[in-house]
Amino acid sequence: MTNLITLRDLLVISPMIALLFMSLIPVLMKVFSDNKEPKPFVTVVYALLGVILAVGLTASLAGMKQTAFSESLVFDGMAVWGSLIVLFSGAFALMLAFDHVETDAKQFSEQCFLMLGSMIGMLIVILSNDLIVTFLGIEMMSLCLYILVAMSREEILSKEASFKYFVLGSFASAIFLYGIALLYGTVGGTSLPVVAAKTGELLANHNQLFYIGMAMVILGFAFKVSVFPFHAWTPDVYQGASTPITAFMATAVKTATFIAILRLFQHADPSGPSAFLAEPKFLTVLSWLAVLTMMVGNAAAVIQNNFKRILAYSSISHSGYLLIGVITAGFAPRIESSLAASTVVLFYLFSYSLMTIGAFALVAILEKQVGHALTVDDLKGLSTRSPVLAGSLTLILFSLAGVPPTVGFFAKFSLFGSAIEQDLYWLAFWGVLSSVIAVYYYLRPVVAMYMSESTERIELQDGFLTRMALVLTAVATIVFGLASSPVLRFVSESVLNRL
Amino acid sequence: MLSLIVFLPLLAALIVAVLPKDSWVRPTAFVLAALQFLFSLALLAQYDPSTPALQLTEYRPWIEELGISYFLGIDGISLWLVLLTTFLLPVVIGGSWTAIDKRSKLFHASLFVLQTAMLGSFVAMDLVLFYVFFELSLVPMYFIVGIWGGARRIYATMKFFIYTMLGSLLMLLAIIYLMFTAQEVLPSHQMTANILELYKLDIPFIAGQFLNPQTLLFFAFSAAFAIKVPMFPVHTWLPDAHVEAPTPGSVVLAGVMLKMGSYGFLRFVIPLFPEAAEHYAWVFLFLGVVGILYGALVAMVQPDIKKLVAYSSVSHMGYVMMGLFALNTYGVTGSIYQMLNHGVSTGALFLLVGMIYERTHSREIDKYGGLAKVMPIYTILFFIVTLSSIAVPMTNGFIGEFLILLGSFQASKFFGIWAVVGVVLGAVYMLWMFKRVFFGEAGELVKDEHHPLRDLGKREIAVMAPLIVLIFWMGLLPNHFLKYSKVSIEHLVETKDAYQLAALDAEGRTVVFETPAKPILKPLDSVTTRVAGVEAK
Amino acid sequence: MNEKILFAVLLLAPVVGFLFNGFRWKSKNYMIAGSVATGAAGISFLSALLLVSKLFGEGAPKSVSAGFFDWILVGGLQVGASFVIDHISALMVLVVTGVGTLIHLFSVGYMSHDERPSKYFAYLNLFLFNMLLLILGDNLLLMFVGWEGVGLSSYLLIGFWFSDKEKAAAGMKAFVTNRIGDAGFLLGIFTLFFLLGTVNFSEIIAKVAGMSVETGWTGPLTLAGLFLFVGAAGKSAQIPLYVWLPDAMAGPTPVSALIHAATMVTAGVYMIVRLSPMFVLAPNALLIVAIVGAATAVMAATIGLAQFDIKKVLAYSTVSQLGFMFLACGVGAFGAAMFHLITHAFFKALMFLGSGSVIHAMHEEQDIRKMGGLKKYLPITHATFFVGWIAIIGIPPFAGFFSKDEILWFAFSSPLGGFPLWFAGVVGAACTAFYMTRLMALTFWAKPRFDEKHTHPHEAGPSMAIPLIILAVLSAVGGFMGIPHVIGEILPGHPGNWLEHWLEGSIAKPEGFGHGSKVMEWALMGISVSVASLSALTAYNFYVVDPERPAKFVASLPKLHNLIYNKYFVDEIYFAKIINPIVGGSRALWAFVDVNFIDRGTFIVGDFVKGIGSTARTLQNGNLQQYAMYIAIAVAAIFLYLLEAPKRLLEIFGG
Amino acid sequence: MPIADSLANVGLSHYLVLSAILFTFGLLGVLLRRNVIVILMSIELMLNAVNISFVAFSRYSPNGNMDGQAMVFFVMTIAAAEAAVGLALATTIFKKFREVNIRYFEHLKG
Amino acid sequence: MPVLSENLLFFILAGLTIFSGLMVILQTNPIFCALALAMTMISIAGIIASLGAWFVAGVQLIVYAGAVMVLFVMVLMLFDLKDEVRAFSRGLVSGFVKIASVGIIGGVVTAAIWMSAETVFPTTPSGLQVSATQSTKQLADLLFKKYIFSFEAMGALLLIIAIGAVALSRIQGGTHADR
């Protein structure tokens, strides 16, 4: 074992290092200036600088494919894309946090520090090539988030949300870890390629401990992306957390975890079918989970009135859609199809992150005080008072509902496309059906904004960065919808560029 | 040319949206819409009616990764629908001059966006592009009904949106399936939604068995279009949407949007799935007949004029569907003609209902009566439009209905006879309504002496004039219109089992589709036949 | 003159009149409106005359025609706007334009006090145009255009005084009932078109020429014939679609004369005559035509016996006479039908105009119980009405005698006819004689039953008198165009049957038609004339000599009178059994299918989704251990499924 | 495997079963106990149970790899970190609510 | 018989572990729970040691039974908790469902282990029995070479968590101040 750290290894983790160092600066400033909170603007500039630096480093490394640190990390196209989505989501979340009433406090530097730390965890999850590293990454990301959720200025709900998230998260982590242990025991290692290589054989032999281990690992991931019935924490936590953090959780966590799932389902044998095809029961279980997630997420959102909870349930249902993509990637008969499906999942994550950030940005603008629960009715008459905001949100909602020509439509199109390509018609059918339900609640805010008058006028928070985020994402949904081609090509090339 | 026609309204929407003063909006919008119509008339000059080929095509790859191209073209089937769309917009803007009193910028911008979507779906020759326009058209209509509609507008607009979306999403799955099949089967091995390429597919069909590709695809497509048309029993969104929609919304909805459904049958369903269409034609003939009779009967007992007209739309569109699924020249020609007729006459009816509604703010038939004495010009115009609606000869309605009945009688005597019964019922409900509203003693709203009803003003007459002229023009000289569609229709009917279209660009050269394929969903080197027996024609 | 131009003038003159009056519909100047309209009708008449004259003479063509433009060209359906005058349409076009002109003229006086004379004349011209289309069109489709067009004009004219709800309703009833017929007509066109591939009359006739007689009931020609007859029954007010015609009397009386007596209602007969070569191949269809015709003739005549509205009596009389014409068609005597059509046009138009004159004089009073003794006030009207009366009851040598007897004779002698049909005809004729005499008696002869001090009936001006006189002359002599051979033989100069000669070759005859014994013909003629005379005398006795007797007679047969007086309750039955169920059923349909079934179904689906949502919401109770429990349950369930635990347990414990 | 045999030959499965039992206790604790501190303890119990498995697998692996022990090392660190965060949270909550019974944390629901 | 004594040792330790584990979730007084947990950890350390992982066993003792337990006890004392009246969650049905599902999980896993044991698992440890020092050296090798990234990431994690936990405990006063 000649495992000396090389420059290449450091290059691979350079974005994380950049993030870590830039995140430490404000905290250190605080420490060295007698515990006096630095100006929030300075803090956010440092944090954003860190993110930009990480983005730059990641982008400059694009095209490279190699493993690092004795194969515990892998840097490939998927990692580049995942990192970029996570970093951009983080950047937007930072912009939101800068303006937001619940995060604007004396501990803003710590918040930024934790957000960047959480992003480091996500990057580890994305780059991880080893289950134990994935576990580390997930814990790093989650522990930061637990604290972030609790650090809201809001007193009661945020603490409760944080605690629920913490207990359930740790509970799921423990299950996940037990799964890793069982996989370690049956496979003889935790390295993902090793697991993938042995999967076929172990499934064929009906190794029951392997079944249990694999199921536990998958369920651990399922918890993080809030798949039914592991979704129950999501609405509560999304509601309790301050909106920028919610936006961050809804997008970045999901992106990182889904990429980890994709890596778990990787093909060991480039010429053969997916190893998981040896046991169709996994396919059945996952399909049911996907269908139930979509249906329950959408159905529960229909009767909600709290806008943040609607978005929470919406994110649950989107997990269901993404799960369709994951299933198509994981149970593909050929590696090409699997890669195609992975491309689609990444594209969907990209579009989903855009839309979700935008939607939460609007929530952030409309939350007038700490702990204010924004309901759909609060949106009434918004179109007359602020046409730009209303128009942007409308675009985003239509995109979430999958109305062409927004990016949401093309994401759904390619997702259902990859499902049909592998003859998973029922999944596609259920996906379509639940999309129709989703239309109902996505349109309710539009109805409120454009079609009803309100006597009560809710104050609009000023916040340049948040508004910018909203408008930017709204424009992006249209622009990337009409110009999905370059995005898709880029994603596709990235995914094909894989070890 | 076609791109210009499709996207000029979008430009107009932008122009309208940035106008500094609200009072400028209407004249600007009207002028823009009228110019757009005049511009679109140039299509007639450029169109060559002697060939069934797609003309004036524009092709360029759009999202190659998903096999989607930007492909526009026009043939005899869509030509008049395009012109109908451009024609109705200035009329609608003129007709809503005083009816829309709030947020007129947004309103006119929505109308223009809607225009783009509708035009786009009539000229899009790529299935996904079509789908994009098809769905996009829901959005502005959703706003038009929802913002400027009546009391129950939100219920109506939600119902409208969700119903139509439900149908079209099933179609989306079918589209994707077709695209993959094309990639595997066609010699080019490209994932494509180009309709001309998809026409080359020969999808296996097993009669009497439901679970086979062609039947399933056929019904998936049909569901989308049947809801849009709408056919019985998925028609209930229409009366609600019509009643709640503001006048211009109703006109555009009835005049053009419903045609997107029937057009879809003609452009996609029948040529793509000819065997299934033939085998299941009876389903549509049956539903068409039920729609005709049911729509007429229910229209008869409506207490609300607008709802009556809405149900009459159900009935009229029943004729259109029957004609289409008669699958012969008469029926199809009649259907296309009836689409135009319905656009003109039902559009005119909605305008007229809107005009009276503006004066009395009521549409309850019982509250009227004796209107003919008070508003004679209005009465005359209404009567002419009524005649067109009940298909009295020498008006446009007759030509369409006659051809449809002729065609469906040829296809099936049984359904043909029942459809003819619908002709009688059509007269019953329209004339009964006419009698109750215009004849007899002055009703509660009519005799109100404090607010005497004005007869139509100059603007209103000017709005109606082109429609009235068209009613007679199309009734007396149908060949002026039909000669452009004749070759296309005959080509479709005669060769529908092996339907092929050539594509000609604006200079008349045959277009060859050469796209560098970069499909991502299905890698090229892994092509296997997905369904045994699928072949290229 | 060029035929095309003549045709154009013939057809467009009424259009010009229509447009002229239509655009000045507000004008109250009845003179201008009337003269333009009458002039237009007159020009049409003149050009019709000129055109028809081309058919006379040695080597004259069998028809003149003109094509204007292509109308519908779809697939095999090639229809142009082309018109033709042949020997059949020549008769019809002259009657229509001729009688039409007279009635236009009459209207000038009649409508002089109306509020909207221009509108009226516009409608009248519109009607004329449509009627000309119907007559002259060289194909079924063009005929259908006119067919619906005259229905439309009729609708407008019946509902001319639309402020009256009843009148508006009558217009609608007429249109809808006609529409039912039109539907049948359309089906007939379809059947013929798909059988023969054409809708052109001459081509149809040429193509059926080679076909053989159909004996069954479902042959295409029989079906086509029956469908077309439905159309004819609608337009020509035959059972069961006659109900609109009596109501149509709501329109101005000249309209009743023109449309609902002389011209439009005979369109059905005209159509069958035109297609006679096809009908003779479908004897079963003809049988139905004959039976319906005979039944209508009798039924309408009996209803006429007990009506008191002068126009209603005439209306039922018209229905009855139309029944005669169909009876003629049904037995294959198309010539006789045509003949009766013409003579009926003369005398019925005359009588309607006469009644118009009476009504005009009596200040819109139409109840004959409130008339009487008008002979002295309205001498011209009475004289002309008298001629019409003799003509209709069939006293020789007036027009009605010849045509009606020809029908009765053929009803008896034709191979398609027989005694029952003849007998029905005779009963009809007897009733006709009775109620017509009753009408004459109650209106003109008996004692005045109105307040002579306040009402001063007097003749209107010449514009109303002239048409009456002309029509009276025609009613008197019109019959001579079709003198039967048996009579012609004994007359000086042996005049032939000109009409039969004229129509020779244009109409078809069933096989074995026109043979019968002369003695029989004479005998039947005698019977019918004497029955009619007797009947008329009885009526005279009843209403002039002994005015008390009708009441007594009625009292002795209360049920029968009630039945007849109420027109056999047909309208009521239609309402109760057809219209009300349809309207009620539609309401139920709307309420049940749309509101309660489809929409509720939608709601149920929606509620189901919301149910899932609220279940999810209940489960989301905020207790984190509950959430953990869901995870545990799911994990347990998935393990059980993945490892097939139940199955394995069974294996272990079950053996 | 007969009982006596299993008593006589302690092998990998014994350790694994022990681990599974402890893990189950942890699960039960999280599900049933109301005291947040005890819930945290139960989570620690679960993590510890996993540690047994790791070490046992490592010990009994055919090629004698030590990876399992390294993993235990990481798990312990993370468990400690979790305990730290969890207890810090619990302290915060206790300060706020004066209560450690999770029944009182049901404001967010629906 | 060394084998017997090893077996005996295992059963004793396992019994201790299970008993004290059970006590953790059954004791109503949190302090007793904490003590039971400490007991469990110590016995687990014993089991780990019996598996030959001496270093890990040591760390287990220090980290868990030492540091973590001290944290727990400190917090408990901070809260000053008494014996709980209602220590277990309410609800008969949900309680049953919880126990049943956990029982199923445990049962299935145990059954799977037991059944796999017949076919897959060795009953004897692999032959490479190494001394405690050697194994520690090997472990160090792994940690600093193969798992160096994880090790470093762990460091970063601890740093972040340390700062985060401090920030969290300072929320009061920290976040309440106005801008």
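Letters are used for the chains, namely A, B, C, D and E, taken in the order the chains are written, and counting of residues starts over at 1 for each.
We take it that a residue touches a chain if its C-beta (ideal position, glycine included) is under 8 Å from a C-beta of that chain, and two chains touch if they have at least 3 such contacts.
Computed from a prediction, not measured in an experiment: that's the story for all the values here.
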item: Least step count from chain B to chain C, where 1 means the two chains touch; value: 1
item: Those chains which touch chain E and also touch chain A; value: C, D
item: Centroid comparison with chain D (C-alpha atoms), farthest chain; value: C
item: Longest centre-to-centre distance from chain B, chain (CA-based); value: E
item: Identity of the most central chain, Cα criterion; value: B
item: Mean-CA-position distance for chain E and chain D (Å); value: 5
item: Where chain B and chain E are represented by their mean Cα positions, the distance between them in whole Å; value: 69
item: Distance between chain centroids, defined by C-alpha means - chain C, chain D (Å); value: 97
item: Mean-CA-position distance for chain D and chain B (Å); value: 65
item: Junction residues of chain D, two or more chains touched; value: 16, 23, 26-27, 30-32, 34, 40, 56, 61-63, 67, 74, 78, 81, 85, 88-90, 92, 102-103, 105, 107-110
item: Residues of chain A whose C-beta touches two or more other chains; value: 132, 136, 139, 143, 147, 150, 163-164, 167, 171, 175, 208, 211-212, 235-236, 304
item: All pairs of touching chains, each written as two labels joined by a dash; value: A-B, A-C, A-D, A-E, B-C, C-D, C-E, D-E
item: Complex contacts: residues of chain B adjacent to chain C; value: 159, 233-236, 239, 294, 297-298, 300-302, 328-330, 333-334, 370, 372-373, 376, 387, 392-394, 398-399, 402-403, 405-406, 409-410, 416-417, 420-421, 423-424, 427-428, 431-432, 435, 438-441, 476-479, 482, 486, 490
item: Residues of chain A that touch chain B when the two form their complex; value: 334, 336-337, 339-340, 343-344, 384, 398, 403-405, 409-410, 413-414, 416-418, 420-421, 423, 425, 428-429, 432-433, 435-436, 439-440, 443, 446-447, 450-452, 484-485, 488-489, 492
item: Interfacial residue positions of chain C with respect to chain D in the complex; value: 617, 620-625, 628-629, 632
item: Interface residues, chain B side, partner chain A - complex; value: 61-66, 103, 128, 131-132, 135-136, 138-139, 142-143, 146-147, 153-154, 157-158, 161-162, 165-166, 169-170, 172-173, 176-177, 179-180, 518, 520-523, 525-526, 530
item: Chain E to chain A touching residues, read off their complex; value: 108-109, 112-113, 115-116, 120, 141, 145-150, 153-154, 156-157, 160-161, 163-165, 167-168, 170-171, 174-177, 179
